[in-house]
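Lettered A, B and C in written order, each chain numbered from 1.
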Amino acid sequence: MIRVRAPFLPALLVVLAVVAALPLAVNNNSLREELFLMFMLITLASSINIIMGYTGYVSFGHIVFFGLGGYFAFYLMQNFNAHFLVAALAGAIPASAIALVIGVPILRLRGAYFALATIGINEAMRTAINNFEPFGGAVGMFFNFSVYDTYGGARNAALLAYGVMVVVALATVTTSYLIRRSKFGLSLMAIREDQDVGIDPARAKVVAYVISSFFPALAGATFFFKNGIIEPGVAFDLLRSIESLVMCVLGGTGTVAGPIVGAALYEWLRGFLITTPALANFQLFLAGLLLLVVVLFVTAGLVGWLRNRYPVLRAYIQ
Amino acid sequence: MSVDALVPSAIDGLMLGFVYGLAAMGLTLIFGVMRVINLSHGPVIALGMFVVYVLFTGAGVNPYLGLIAAAGLGILFGVAIYFVAVDRIINAPELTTLLATYSVNLMIVGVATSVFTTTPRAVDISLGSVGGSGVTILGTHAVAVAIAIAGAALLYAILFRTRIGKSIRAVANNRAAAELMGIDSRRVLALSFGIGTSLAMTSGALLSTLFSFTPLSGATYEVKSFVIVVLGGLGNPTGALVGGIVLGLLEGVSTVFIPVSWVPVLEYVIFIAILLVRPTGLLGARA
Amino acid sequence: MILQVDAVTVRFGGLVACDAATFAVEEGEILGLIGPNGAGKTTLFNAINGVHRPRSGRIVFRREEITGLRPFQVARRGVARAYQVVRPLNDLSVIANVTVGACFGRENLSLRAARTVAEEVLASLDLADKAEVPAGKLNVAQKKRLELGRALAARPALLLADEVLAGLNPQEVSAMLAVFRSLRERGVTVIMIEHLMHAVMNVCDRVVVLDYGKKIAEGSPQVVSSDPKVVEAYLGDPKAAQRFLEEAT
């Protein structure tokens, strides 16, 4: 749609792939762990951008799909000895099916009501699973180490998880880009502005919502596979949900690069805050302050600000 | 639990409902006047708890006097939050105000956990109990209900019997028109935020006399407030009070029949159901 | 007869916004829809393109009943609407905005084909030089042209133009009227809600007048403008209407 002179997507994917390969090349485990987290955040932020940035629907409780994907996959691995890759996909599908089922009714709601409903859904899921014995109830589920033998040991499993997370992040970013450049994406943006054009808005919104639920589910499966333990509070952590919103806003909603920049920045900042002992206690306070500053003064996010300030970049940065 | 426990449990829930309702009134007032969902609501409730705690343990101040301090501080604090975080973006889309108030949430929780840590605190007062025929009502509960009702009555008196209340209702109804009639809507918005925060802090102050708490306790009550506000209709203070009573009653009654851990699930399901079926709430939203 | 509005009544609670409005629109004509503020003109548009469901009455477009259809369904059948309050996609370029209209109109075009259509439309509206500018940066008059462009890009058979001339200077108004005339030449039917009387007189083939939701006059612009009921509706006082007409003749 928007004529892009430079091949944005390939360039972006190459950059991300190179970054991903870095810790493997230098055999640095802690860097790999950090990047694992960052690619996960990129996935979450980009997914939320698909529903929020393009359609304008603020899914506050989006993390519910992360948790559902995690739980379904974990259950399959735990009880059916499913291979991780199979379990992840097999777990993401019911998670997205649930997105379809709840998406239809709640996407009829507007603005604040929709946001509240998504919080309600996440919390309902969390408290329900808290009581659900097959999923371990309040205690959750955990692997015994022998599970990792199929993959050649815990270290190999961690590497596998890392690789998968990178692939999932790249897939999310690619999907986000394709949507933005497509007729479908255009229709989402038209819906956001309430234009009545010849597409069924209800259908388009639900499709966007389902797509945006798939990748967090995969990310959840991967995250909990690597951790070897899953519990309701961690799986359905509302704070993490809001963090992905923050990252999206920080970098710039409605753009492809925005969530990536936001995720990277946020994670760097958090890492910095945790490791500086004096600031550790104030981590939350500073996070809040940063968010407030961004919300008040840099409303279009960093990428958005860049595009506005230097219009020539518009063609190069999506 | 047996059915014998039903009546005392219901009464207990009902009484708590008044306290929840008070907090919810604050949340719904802010939404009704300026269409902002105040995500700092929870931590503010916790702040109310800690104001009473600090005054009680530090200076021996009676919790109910500490409550007055909490209420007063609430107004000042709310006005401050308004000018710092909300005023500049009052006309922005919902996401912006949601995130702005959420940032205040993070800041309050951040500071509070730094200062007070997550050790549970309590305000130990005992006012004996009243009772008979199997039903015992704790003195603290009774006083909490009385103060909650008084608080609600005060809010109504302000909203419907004073000029400032009229301005608030005017701005809630139509901000532009109110400005045209000479009302400084910015001041009204700030004051409304202050009143909303004050109600939340007062509710927290009351809760401190009933349960133990940490800086993170506000989260549970914040969610309850959301459920109540949706139940009663966004922007409708009467609805919030009634919704609070209904929720409290529901909690009290349901714990008799279903395990305690299922009660939140029930609440959330009702929450979602109301949003889907009757988003204007049981009593109808205002504005 | 491309559109038949038959005893359409739209109510909002106790308020009757449209009261048994009945009229027909011939294919290829430009019909003016006028009346004082609050007469129900925009509500009538809302009923036609599906934003509000009429309480009673029928709307038939090209021999198919479209009463109560959802806006996107009406749009797909070839009815486009240019709104009074323009809300373009501010972050997207002008051409992207118009392409939205082209993509989802009567024909289900691919992005490439839609963009070609968009380019033509922009050229016809003298916005071609602003094609890559973000829509948010246009001035009001340009935004209104953009809004019209979005509607036209859908290649409608019927265009509902809601006060597209408001806020334009005389040159801009003439330019827009020329666009409407060229639409008529291409066989597009237009219903225009307007307050600019000389524009209505200038370009409309027929005029329908609404007051308090009811149709009070219908006919050629000349006939309607000298109808005492119409003058009274705008001026409010029958005696003043009388005096005005006497002075005019």
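To be clear about the criterion, a contact is a pair of C-beta atoms (placed from the backbone, for glycine too) under 8 Å apart; a residue touches a chain by one contact, two chains touch by 3 or more.
Just so you know, these numbers come straight off a predicted model, no measurement behind them.
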Item checked: Relative to subunit B, chain with the most remote C-alpha centre -> C
Next item on the list: Could you name the chain whose Cα mean is nearest to the mean of all protein Cα atoms here?
Entry: A
Notebook entry, point to check: Which chains are joined by the largest number of contacting C-beta pairs?
Noted result: A-B
Checklist line | Centroid distance [mean C-alpha coordinates] between subunit B and subunit A, Å | finding: 32
Notebook entry, point to check: Where the centres are mean C-alpha positions, what is the separation of subunit A from subunit C, in Å?
Noted result: 44
Next item on the list: State, to the nearest whole Å, the distance from the C-alpha centre of subunit B to the C-alpha centre of subunit C.
Entry: 49
Checklist line | List of subunit A residues in touch with subunit C within their complex | finding: 1-2, 182-183, 186-187, 189-190, 192-201, 254, 311
Margin query: Quick check on the complex: what are the subunit B residues that touch subunit A?
Written below: 31, 35, 37, 84-85, 88-89, 92-96, 98-100, 102-111, 113-114, 223, 226-227, 230, 234, 259, 261-262, 264-265, 268-269, 271-272, 275-276, 279
Note to self: Quick check on the complex: what are the subunit A residues that touch subunit B?
What the structure shows: 52, 56, 58, 60, 105-106, 108-109, 111-113, 115-117, 119-121, 123-124, 127-128, 130-131, 138, 242, 245-246, 249, 281-292, 295-296, 299
Check: Which subunit C residues qualify as touching subunit A in the complex?
Finding: 49-51, 70-72, 74-76, 81, 87-89, 91-93, 96, 99-101, 103-106, 108, 110-111, 114-115, 134, 150, 154
